[in-house]
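Report on the following structure.
A, B, C and D label the chains in the order they appear, each numbered from 1.
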Amino acid sequence: MIEAVQLAKRYDKNQPYVLKDVNFKVERGEFVFIVGQSGAGKSTLLKLLIREILPTSGTLKIFGQDLRLMPERRVPYLRRNIGMVFQDFRLLEERTAYENVAFAMQVTGAVAQEIARRVPAVLEMVGLGDKLEARVCDLSGGEQQRIGLARAIVNRPSLILADEPTGNLDPDTSMEIINLLRNINIRGTTVLVATHDREIVDRMQKRVIHLEHGQIAGDQKKGVYARAF
Amino acid sequence: MLFNDFCYAWKEALKGLYRNRWLSLASIGVVVVTLLMLGLFMLVSLNINFITTSVKDQVEIVVYVADDATAAEREELHALLSKNEALDEVRFVSRAEALQRLKAQLGNLLEGYDLDAENPLPDSYEIQTSLPEAVPEVAQELEGYPAVESVYYGRGVVENLFTVTNALQWVGLFLMIGLAITAVFLIAHTIRLTVYLRGREITIMKYVGATNWFIRWPFVLEGLILGFWGAILPLAALYFIYGAAVDWVVSNNLLFLNLLPVEGAMLELAKYLLPLGIGLGILGSAFSMGRFLRV
Amino acid sequence: MLFNDFCYAWKEALKGLYRNRWLSLASIGVVVVTLLMLGLFMLVSLNINFITTSVKDQVEIVVYVADDATAAEREELHALLSKNEALDEVRFVSRAEALQRLKAQLGNLLEGYDLDAENPLPDSYEIQTSLPEAVPEVAQELEGYPAVESVYYGRGVVENLFTVTNALQWVGLFLMIGLAITAVFLIAHTIRLTVYLRGREITIMKYVGATNWFIRWPFVLEGLILGFWGAILPLAALYFIYGAAVDWVVSNNLLFLNLLPVEGAMLELAKYLLPLGIGLGILGSAFSMGRFLRV
Amino acid sequence: MIEAVQLAKRYDKNQPYVLKDVNFKVERGEFVFIVGQSGAGKSTLLKLLIREILPTSGTLKIFGQDLRLMPERRVPYLRRNIGMVFQDFRLLEERTAYENVAFAMQVTGAVAQEIARRVPAVLEMVGLGDKLEARVCDLSGGEQQRIGLARAIVNRPSLILADEPTGNLDPDTSMEIINLLRNINIRGTTVLVATHDREIVDRMQKRVIHLEHGQIAGDQKKGVYARAF
């Protein structure tokens, strides 16, 4: 599903590498946590996976395709197969929760009925069944984050990337969200979660990739949030 | 594009215009005022061209026939003038007719003089030409004929007239092009800013997996609507303004101001303003998005 | 405002212009092209006014003195004409002088006639007036005098001329106001959009505890710089364009096109364009921020 | 320092109250956690305190002044006495970390030398000593959050409001940041932190105000992150 070989990234020639010598593989159906200090390169790794940015060197394959060789016009189709929760949410501020989630379906050419059926259901799942018509800018931080999650899962993508999806959620809601992701994962979807939430990582007992200063410092099968050394 | 997507794009375009309604109105405003100015200027320019052309058409050559010319020479001159294709209308004015005119002009001042007895005036030809620019040349040619005493065509004045009308036409063309470029710049810049204000939105759509054209269509349609109204409104305004101007000229009997007919002029304007407005609306939207789509 | 804050505001303004340099250039561009158009139009309008005024000044009244008027009546007419303040220049043309002129005009056509013996022409006065609009009225008044045979002033033509020049001046004024409003709208809208693009920034400053004026000053100074350059550049361009036009008129001996002198015209323009550009830059910036400051 | 009496807030006439019957008092020098589910009204409470929004009814006093009676032109001076870390950061994206923090000092009319001395020191304190000249939009989520914190403390305000200041930080960095706030608090500054971070709340043993659907459901002196009932 995902394969990184000697992956490296720096944003600028004059700056140090943000990711370096990154090698890992994620199989279909896995559930992986990516942890690491602030600035370790977690978001950079996820941005590489949706081809928001390009690797500086090394190869990164996803769905069997090399991202560096992927032509510009294929990128939208790649992104439709990936549901991403962004650390900074990236919602259409002036539109409603419903519109934001519906938009992700519209781009795939889904029919109106299907959209009208699924969007409320998904928003209900993340606990926003009563906020369908609220504009994003009128919602609380945690509510916005959950719209981002709803948008990521609404198309039933085969890969979900979640960057800090519980950063603005209380522990109970966080657990609900993670269980939601776990349930989706059980039905076959691959899930990568970049997180700082020690409680969740420790409870879930899933694979944990630990990034330290842009390098992989640990990759445990049933890991916990702790230094790998 | 599928029908489904087409409907979606139109709905989104209308929603977008409504969501940013003040901005939309202001953008239409910009297009309206720029095209109104361009249109006004085009009208003035078209009419100046039209008037100067008709003024030039009134340039006349008068050929005075030498008193001592033989009948044969007169015949030759007549034949030459009649078959010269550059000359539109050649009218013979006998000395008797000329005297009548002089009397009419001077009125009772000449009363008591028996000019009829020994008429001092020569025969002449009054010539209208379809090529007013050729007048000086034709005049010079005619002066060479033996039957010709002298040729009069307002030497100096006519040349000045041509210099001025030519300059007017060139300046008009130059200003029109300048104004058109200005209009393009102003409209394109406004539409660009309007799109920039929604840059984040565009970028986010791209991150969710929208193709460039899926994002572009609603913007292009918005641009089309903006451009369409931005062109129609000044056309309507110009129709009334120009109609009023023509009425005013007629009602004041200023018929020497020979204005273009309203319908023809408006069609001519529409031919330029509509494509300009709509084209700029569409292209402005489509191309301003480039930098936000590249993510 | 403290000196410290003043330096800060200038530094921020320059940084702001540089940070958004493409936007700044485009905004200057908008101001330049709108004021260039307005300026061009003002130049044309000023000159049309000037030319029509000088054309109107050339309107002349000719008063023909009745042949049978008594010396007393003639005296009275002369006195009246001389002391009428509406009449600028009153010149007596004796019948002898008039005959000389006629001969010169008609040339050799009158050869052989001894008009001197019994001159058919009357004495006359040629009158220039400083109030061309008053000509028809003055003419009517003069016709009432016993010594006056008839009054000639190009009846009809003069009235038409006045209608047209008045109309030109009104249309010019109307268009100028329209164009000025357009310029204000275009410039203000562009500056507003430029400020809107930075609306988030403004709001954030407010949340950190900046006072409205602390935020406004750099924007106001940016607006001042934009407006200043946006007015100076078209003035410079107009200086060259108008200079070239005047040169062209002179070099083509079209002296009947009596254009305003370059320096005077430019000063007149600068008097309007500079305050307009700078004022709009400043006010546009200051007031566009309102909605972002209200947090 | 802060006194809320029957404080209530709704954003719109047609919507339910977001805060209702809120009564509490915070004394000078206290350290208070505000916890509660996503959407409970924590951010709304903090927004009321910096007068981003006005109360619908009830009174809210801060530094002895009633916020509903405060004239518009006094608001900037109120905000300079409060250091706020926003949940959505609210940084000047196109400017550097240095400029963002320096701006907060410039508005108070601080002299250039003082700014040049203190800004790097404060950024060093939050662990961004090497990112002074990086533009905000080029920084990671956690780094941005720490700039927000640096900006909040640089003026040595008498009150610090922090909305979810560790949402994007790993547990170690979070602890450092909270200790930093604790140290500032020890020197006399009042600190209010809205947070979801159970670990931190439990460790700190400070006063905890628990919001539930806009009402105070608990107010413990040495509280923990748990339901109060």
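The rule is simple: contacts are C-beta pairs under 8 Å (C-beta built on N, C-alpha and C of every residue); 3 or more make two chains touch, one makes a residue touch a chain.
Remember, it's a predicted structure, so these values are computed and weren't measured experimentally.
Peer 1: By mean C-alpha coordinates, which chain is most distant from chain C?
Peer 2: A
Peer 1: Between chain B and chain C, what distance separates the C-alpha centroids? Give it in angstrom.
Peer 2: 24
Peer 1: Distance between chain B and chain D based on Cα centroids, please, to the nearest Å.
Peer 2: 67
Peer 1: Just give me the whole-number Å value for how far the CA centre of chain A lies from that of chain D.
Peer 2: Taking the mean C-alpha position of each chain, the two centres sit 28 Å apart.
Peer 1: Specify, in ascending order, the residues of chain B that touch 2 or more different other chains.
Peer 2: If we look for residues of chain B contacting two or more partner chains, we find none.
Peer 1: Would you please write down the residue numbers of chain A that are in contact with two or more other chains?
Peer 2: none
Peer 1: Based on which chains are in contact, what kind of graph results: line, ring, star, complete or other?
Peer 2: Graph shape here is a ring: one loop, exactly two partners per chain.
Peer 1: Going by the touch definition at the top, which pairs of chains touch each other?
Peer 2: So the chains that touch one another pair up as A-B, A-D, B-C, C-D.
Peer 1: Tell me, which parts of chain A touch chain B in their complex?
Peer 2: Going by the criterion above, the answer is residues 50, 52, 73, 76-80, 82, 84, 86, 90-94, 103-104, 106-109, 111, 151.
Peer 1: Can you list the chain B residues touching chain A in their complex?
Peer 2: Contacts found on chain B: 2, 4-5, 8, 19, 200-201, 203-212, 214, 295.
Peer 1: What residues on chain B touch chain C, complex-wise?
Peer 2: 26, 29-30, 33-34, 36-37, 40, 109-113, 118, 120-121, 160, 163-164, 167, 175, 179, 182, 185-186, 189-190, 192-194, 196-197, 248, 252-254, 256-257
Peer 1: So in the complex, which bits of chain D are touching chain A?
Peer 2: Going through chain D, the ones touching chain A are 11, 35-39, 43-44, 87-88, 127, 138, 140-143, 145-146, 163-164, 167-174, 196, 198-199, 225.
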